[in-house]
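Just below sit the structures, each encoded as structure tokens.
Both complexes shown next keep chain A, but they swap its partner, so chain B is in the first and chain C is in the second.
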Partner chain A sequence: MQERLTTHTIEFPYTRTLGPVYSAFLTGMRDGQVLGIKSRDGRVLCPPTEWDPTTGDALDGDLVPVGPGGVVTTWAWVTEPSRKHPLDHPFAFALIKLDGADTGLLHVVDAGGIDSMQTGMRVVPRWKQERIGHITDLEAFVPEGSK
Partner chain B sequence: MTDAKQDEVDPNAPVAGMDFFMQLEYHELLCPVVREFADALMDKRLIGHRCPQCGLVYSPPRGYCPICVVPTTKADEIELATRGIVTNYTVVTPVQYYGQEETEPFAKVSLQLDGGGNLSLQDLLEVPVEQVHPGMRVEVVWAPDSERKVDDITNRSWGTAEGAIQGWKPTGEPDASPDDYSDKVF
Partner chain C sequence: MANDIAIVGYAQSPSLRQAELTEPQFLFPVISEAIERAGVERREIGFTCAGSCDYLSGQTFAFVMNLEAVGAWPPISESHVEMDGAWALYEAWVRLQHGDIDTALVFGSGKSSPGLPAEIYPLQMDPYTLTPLGADPVSLAALQARAMLDAGKITEREMAETATRSRKNAIGNPYAQVTGDDDPETLLKEPYVTAPLRRHDLPPISDGACAVVLATADKAKALSKRPVWIRGIDHRIDIHQPGMRDLTESPSTRIAGKNAGVGKGKVDVAELSATFSYQEKLLSQELGLGDGVEINPSGGPLAANPVMAVGLARFAEAARQIAERGKKRAVAHATSGQCLQQNLVAVLEGD
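For the complex of A and B:
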């Protein structure tokens, strides 16, 4: 007797409110501008956080533009993207310290190939045409000068 | 979706929420008794197991009688009638949550099949929901050969078998007497 394999899919959509900091950050994304937030000691955190990582104080204002370009501080090459990954061809996940920021933003570098990746390389954002207020509005970073 | 709607109203309003979509896909190998049930459905047959001790019929078969706590086997398999009596019903008024494809009220009925065996959560066809009532005599409507499938049957299936059975339609016969089903209502 032949086996029967069945496939099931559970789906659960939901919406989460963002609060003042992430709302501002993602509104910036929609408008094509990456924002960071000033911590109490004057550093600029990007991505912005709601709390100062050093003192624990609440941070609720002072979002400042950063970038658009930045520097790759560390990266990992994805050889075989899964269907859940942001790009359908090989790419890098990377921490990117944007110009004017003191911390790294985890994002994607669409470099074409692993040989084009290097710690310390400069990258610039490639924005989607239609943006909705999501981190993926910034489709990927690409090597500076490659556009 | 929420953000998209907001953007339609005012594209410059701050982004207030973020949409998430959790999705889990998994595969399940049907256990032998459920696989036999599914295979039979593809042949337009409805099967069950009759408990050798108490005589209750389980469809889909479970491989055991949970009341007597005895196993049931292929030897206990019986073919069920595809005609029966509506013993109970529920009218569902759809709420348009994600994934709900129905838009109009519809009835799910419980059935007592001629000769034994009960099914629940069956679709009643050709009958306006306000006319659904216990005692109606109905017969099965199989899905056409080219469309019949059992992909939605699981090891925990209650026998809804929607891919194989389109639903049940009235036979046109007079209603059954309550005495015929009053102790089988569920």
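For the complex of A and C:
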């Protein structure tokens, strides 16, 4: 029997704002700059949130540049990437405490091999040439000094 | 404070890598068995609450189909949580506190086999910073395991020992999917799946269901010779972003355990939703469970992981230990989200 195919295009015919914090954060990504936010107790949270994670207080949108480099606080080596992962070859997921930030940003490290990974290593971002205001504008972190 | 509520009936389906039947089809006998064990008439049940995940079916309101297995005519009073059935049990427990009804049916079910869990679960996370990275449960668990290894809070050997004991315990469990008597040395020779996790550190992908019947005190005493009392129950949530908390701790488990009253008496047995091997030690410590506590005699989630039923199954297995195995006091634990983000703890007791 002949396979019958049909194409549906689902549209969301509206625009939405990401709010004061994520909007600034992702605009920063477009500009090649990672931003954090100051919490009430003076810590810098990255990724930034609209509310203090400990107290629930609204944060006033005091965004500050962090990075560009940072430290890997924990990591996982992905041997077989899925279709939804940002890289198509083995890589590490890592929590990265960027310079000037007090929390870990989840992202990927394109390290070449598992032997290049270790907790406490320094990494720097590799930006895409064309950036659209998306977390994956930052293509991957790479070991510092590896370029 | 709260009125005493008891578990008076429970049932499970076997966990299968790929069930031939649809979800309502394999739910039907499970729900029927739980109701029969409770000794109630289906029409007597005052409230029904289900836990399931529409993402697994890829269809909004997929959970409505599952009501086919309940029998919803004439109309019944029912609700649904997009969470494990353990949280449906919590909702039913709250509903029974009102005192105007005396029985409730709770069930959880999930069919993970049609899709790719590693691609589905990232959709449930922060859509701006986590979903676009395809942050999957195994990778996130591996981050937490590495944090514990680096902190010296666990060893890969201990993780393998947990997996070994789970598989051995599961040998007698007719609902289990993964059983075996390999020793830790053999398991540790296997390659990493997502380092530092090996296959034995991961739960199986399972299709399955669980159902529990609850009753208020007077009704439970009338129905059952050995009602299993819920003496305390609480659930708490840690922050969503995995990098904003210390992954080597689980404050939400600690607080829920304290509020449920885990430390108020000797615990004989605990059924923990330690979905990944390293989580068992972390949970045990946060709940203050000492060496004398038997953990996951059923084999736990490493032996059978019917998503959305696996937490409720901890209630069924803990209740079995009291109703059928003569234990006095048991802890049941369920979790949801990545890296033990949300935790529910209950204390169960026999008379």
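Definition applied: the second predicted complex is superposed on the first by the 130 of 147 C-alpha atoms of A that agree within 3 Å, B and C clash if a C-alpha of one lies under 4 Å from a C-alpha of the other, contacts with A are read in each partner's own complex, and residues count from 1 in each chain.
To be clear about the criterion, a residue touches a chain if its C-beta (ideal position, glycine included) is under 8 Å from a C-beta of that chain, and two chains touch if they have at least 3 such contacts.
All values reported here derive from a predicted model rather than from experimental measurement.
Participant: Touch test for A:Ile132: chain B only (first), chain C only (second), both, or neither?
Facilitator: After superposition on chain A, A:Ile132 lies in contact with chain B alone.
Participant: Per the contact definition in the header, classify A:Leu26: touching chain B only (first), chain C only (second), both, or neither.
Facilitator: both
Participant: Which partner, once the models are overlaid, touches more of chain A's residues, chain C or chain B?
Facilitator: Looking at chain B versus chain C, the one contacting more residues of chain A is C.
Participant: Who does A:Arg83 touch here: chain B (first), chain C (second), both, or neither?
Facilitator: In the superposed model, A:Arg83 contacts chain C only, not chain B.
Participant: After superposition on the shared chain, which partner residues are touched by A:Ser116: those of chain B (first), chain C (second), both, or neither?
Facilitator: After superposition on chain A, A:Ser116 lies in contact with neither partner.
Participant: Have a look at where A:Thr74 lands relative to chain B and chain C in the superposition and call it first, second, both or neither.
Facilitator: Second partner only, chain C.
Participant: Between chain B (first) and chain C (second), which, if any, makes contact with A:Phe93: first, second, both or neither?
Facilitator: Touch status of A:Phe93: second partner only.
Participant: Touching A:Glu3, do we find chain B (first), chain C (second), both, or neither?
Facilitator: In the superposition, A:Glu3 contacts chain B only.
Participant: Under the stated touch criterion, which partner chain does A:Pro13 make contact with: chain B (first), chain C (second), both, or neither?
Facilitator: first
Participant: Chain A residues touched by both chain B and chain C?
Facilitator: 18, 22, 26, 134
Participant: Flag every residue of chain C that touches chain A in the complex, lowest number first.
Facilitator: Contact set of chain C toward chain A: 116, 118-119, 122, 128-130, 132-136, 139-140, 142-147, 150, 192-197, 239, 241-245, 247.
Participant: Given the complex with chain B, which residues does chain A contribute to the contact?
Facilitator: 1, 3-18, 22-24, 26-27, 29-30, 132-134
Participant: Once bound in the complex, which stretches of chain B touch chain A?
Facilitator: Interface residues on the chain B side: 1-4, 7, 14-30, 32, 35-36, 38-39, 98-99, 150-154.
Participant: Once bound in the complex, which stretches of chain A touch chain C?
Facilitator: 18, 22, 25-26, 45, 47, 49, 53, 73-79, 82-86, 93-97, 103-108, 114, 119, 134-136
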